[in-house]
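Same chain, two partners: chain A is paired with chain B first, then with chain C.
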Partner chain A sequence: SPTGDSWGIFTFLCAALCNLPALPALNCSEELGAGQSIQQTYDLTRYLEHQLRTLAGTYLNYLGPPFNEPDFNPPRLARAERVPSATVDLDLWRGLTDNARLAANYRAYSRLLCYLRVLDGQVGTAELRHRLAHFCASLQGLVLSIGGVMSSLGYPLPAGPAGPPAPPGMHAAPNDFLKKMDDFWLLKELQTWLWRSAKDFNRLKKKVPPAVVTLRLEARGF
Partner chain B sequence: VSPAADPAVISPQDPTLLIGSSLVATCTVSADFPLKAEDLYWTLNGRRLPAASYTALGPSTLSVALARLNGSRQQSGDNLVCHSRDGGILAGSCLYVGLPPEKPVNISCWSKNMKDLTCKWAPGTEGETFLHTNYTLKYKRRWYGQDNTCQEYHTAGTYSCHIPEDLALFTPYEIWVEASNRLGVAVSDVVMLDILDVVTTDPPSDVHVSRVGDLEDQLSVRWSSPPALKDFLFQAKYQIQYRVEDSSEWKVVDDVGNQTSCRLAGLRPGTVYFVQVRCNPFSIYGSKKAGIWSDWSNPTAASTPRSERVACDPKGGEQNTTLRRELKQFFGWVKKHAYGCSNLGIKLYDQWRVWLQKSHKTRNQVGKEP
Partner chain C sequence: DSHTQYERVGADVTMKCGSMEWDAAVTWTANGTDIDESHLNGSYLILKNVDLSQSGQYSCYEGSSWHLKYQTYLKVGMPPKEPVLTCRSNNYPKGFYCSWHLPTPTYIPNTFNISVIHGTKDMVCEKDAVPKNRCHIRYLQLFSTVKYKVTLTVTNALGKNYTAVTFDEFAIVKPDPPESVVAKPVPNNPRRLEVSWQNPSSWPDPESFPLKFFLRYRPLILDQWQHVELSDGTSHTITDAYAGKEYIIQVAAKDNDIGTWSDWSVAVHATPWTEEPKHLTTEAQITETTSASTSSFMAPPTTKICDKGAVVGSGAVAVCWTAGLVVAAYSVLFI
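Moving on to the complex of A and B:
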């Protein structure tokens, strides 16, 4: 009977709206809002920060004292500042547009990834090489995640060199001790960037609207 | 403001030294810096070196004497650092102190189905821990001069290498390992072998273990010969090992020969057994040399039957409780209706069962027949 049919449709729609995941017959598409990717990127930076602690500990022990001493603070000597610095004036940081904020993160981690990969090729012990490879893979994931956020917000990805910005020979340390210092600063900058990124993404989380779920109900012969 | 030049220069920069040798290092402050020799001090691996070992060689050059050096604390080199009075780092030099490598030893190789060659070796005892040592496996056919280098390392442990190409058969190969570090090179003895002498193969496939009818102490094992070598004329010998489910002790059956089936006897009834088989492809192309045993096949499980007519131990047996219940009922009826049979009772039955169990245990030990 007709009344029965419309009651059936009504019940079905109610059920659909309340129990989306439970109804396989319903064709619905959910667009991941930028909000969700920002949260994921934030989580990834925290995970990397945790991973870095173990990696840095092992690597600094490999370099030997004084590099693994807690208060070690060598000068950044007169060599080209090749590793992008995370530290920035507070007002400048606050004033960054979302695009600029994301682009700075994207560029920094792309560069850091390059340098880490070079490190991977030179390091002595098998254990270290294994840890470094694992960390690089996670860092690559972070770069992609930031890229994803930028795309979902409609920002273009920063153009940049895929490889190291200059031929490796140019910026290579002239002796083994200076190379150890470079490695130390690379790890330090990585650590600072991960701290800063957490704050960057926290800030972005508050500004971007929450995930928007679009629902498409396909009429099934009703 | 960062300075244009490095604050100081150390000499020698990143030297390599033998254990026990001595070293005199100098730190020269660059002209742009207002530091004098007396403003400087040295540390080695974070520890300050005694001023007694210092000598001022000039107004801005300080030297330090290090005697009888121990092997490097880390393979990345000992950190010898020149500091200014306030602790700031002016320059550093990495010292690599160790011994030249020893000849690698115990080279052993095997070829899987004659398709490749994997070799492993052991490092010579000393010299390897202080300095990083590189190992290179090389090989060449005996009467054809060209040396080849193995590329794929660590495939079967740290000191191993895998040669993936099809190597020539019926021809001897010379194989050796070179160990090198900053202090020198050491070459192992040359091992000569023919691929056919070191062939191993995959474990037998399709291992099936089944019962032999109702026999409680036997299991039948069947398997297929490894397919990879079926085109080559070879005899295989097989080995079987088996163990009871909750034991870690394997029993090995050695004289299986060339068959692809075997019967295990003297087993415990009603027990789960794990069985594995492995293969040795000896006598490839008629060579009488033993091949190399394959890995064991994945364990296959099977259980021996347990006869229902034999009285089992009280922990098992559902049929006991039914039987026992019926007997109890029977004796109860007997007591009521058959005067003079009062000695018959369930207690007597229980005693009979205990006696039966004791005599059965001695008959049930593996491998023993009454």
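Moving on to the complex of A and C:
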């Protein structure tokens, strides 16, 4: 019957795909899962980067000068080191294993999300609260997406940040200006991480080729 | 002994004849030509409101003995205006280069000094032999949140000036244009042109830092360009060319995620394939060719979505899947 033949072709394509020498030895559904998830995660980082531009603009204006000045280029204070940095030595970055690469992204966004949520509880205007809430939801989606990729590739998820973030009193900035500096650096690190992730996921895309490329070849050759 | 002196355009210059007394009898020459006494104040030579043409060698001779008492080379010029500095990364992630020039000439020699600061660290910008007025820096770290500040100071004998630029690592990324752009007609296809190109050779790592491309084309006879953005691949087939018209085609490149578009590539010209006038087909042959192409299997229109350059994002995966299955299913039924 036509339906039976179609299914036969489908399984044939799937088997042919999984036996192509270029692919690592993973079973068919996992291969499709990882390839698609990486592409989705990549797309999500681009979407978030775009969202962040608007959010950061609004937030920096809320902080007021000098934070909203384009030339503002403050020195990095020691206290700002709590926020995970995307900065990395070039050769080190190149040599990261897929697991390490994904884990770095997962850890970074999990912590950034925590800090953003703290911020969310403190901002003044309703518009900002709304934007921040929306962004946090998207960022949560990114963390889950990265987790999904790691699982589909068989990597363990990194342990969450040690306990909940310290209560607001602990590492709170001693004055209003330093608090604003903390916020400034948080947004800057977030922006840089999103740029970096696009590159991280590009590299991962090459390592785990998306199923669509090989499937197209099969369909045309048929 | 010989001297050199630099003076500003429009300045008043007084030249003394070495150690000679003010009231000594002397003759001054400019580039070997005697200077009229009206320009002298005693033994001093007075040049008012000097201009560029007055640059040259000035010599002072004792009146009677014609001994050379003093010689100087006068160079008329200007202090430097604020220089123009541009920094760009065409080889991301290797590093970036900065190049500079003066908006107006000074007519005298200038020295350029460039300094690069990254946060608290001083970096060395290595000067290039060619072209001059350019230096390059290698990135030590990638994905930096701290801006780079580049300061250029220009100094000459008449003054100094400077300019500075501050930028993020990502903001200055701009690849060179694509290379080896080739456009060819497609045999038996009067509306197609096949365009191919290569990544710019200065882009060191297209695997990890893929480029996307922008193609523009128009027939020479029209002013309006058509544009196609391509997220991967280094070739594209134009399928809506006007038959028989010569086209001009250019390509630009950009890092997939950061920075700005390159300049347009060198333009290439191509004309789509046209049927040879002397091989006119008869009516019978025309109908034969038409019916032959409709009876052979034609891919349903949806597979066009799977063409290179149109597929972006996972939504397209599902479409390709479906199209692939449809093709597979139909071909089995038709065997």
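Keep in mind that, in the parts below, the second predicted complex is superposed on the first by the 170 of 222 C-alpha atoms of A that agree within 3 Å, B and C clash if a C-alpha of one lies under 4 Å from a C-alpha of the other, contacts with A are read in each partner's own complex, and residues count from 1 in each chain.
Basically, contacts are C-beta pairs under 8 Å (C-beta built on N, C-alpha and C of every residue); 3 or more make two chains touch, one makes a residue touch a chain.
Fair warning: this is a prediction, and the values are worked out from it, not measured in the lab.
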Touched chain A residues, chain B compared with chain C: C
Partner chain in contact with A:R107 - chain B first, chain C second, else both or neither: neither
Partner chain(s) touched by A:Y62 [first = chain B, second = chain C, both, neither]: first
Contacts of A:K188 with chain B and chain C, given as first, second, both or neither: second
Partner chain in contact with A:R196 - chain B first, chain C second, else both or neither: second
Which of chain B and chain C A:A126 touches, first, second, both or neither: first
Touching partner for A:P75 - first (chain B), second (chain C), both, neither: both
First, second, both or neither for A:R117, with chain B first and chain C second: neither
Partner chain in contact with A:K206 - chain B first, chain C second, else both or neither: second
Common ground on chain A, meaning residues reached by chain C in one complex and by chain B in the other: 75-76
Chain A contact footprint on chain C (complex, rising order): 93, 119-120, 139-147, 149, 166, 170, 207-210, 256-258, 306, 311, 313-314, 316-317, 320-321, 323-325, 327-329, 331-333
Residue ranges of chain A touching chain C (in the complex, touch as defined): 2, 5-6, 9-10, 13, 36, 39-40, 43, 46, 49, 71, 73, 75-76, 85-90, 93-94, 185, 188-189, 191-193, 195-196, 198-199, 202-203, 206, 210-212, 215-216, 218-219, 222
Chain A partner contacts - residues on chain B that touch it in the complex: 2-7, 10, 13-14, 43, 45-47, 73-79, 81, 88-89, 91-94, 132, 154, 158
Of chain A, residues touching chain B in the complex: 61-67, 69, 74-78, 124-126, 175-178, 180-181
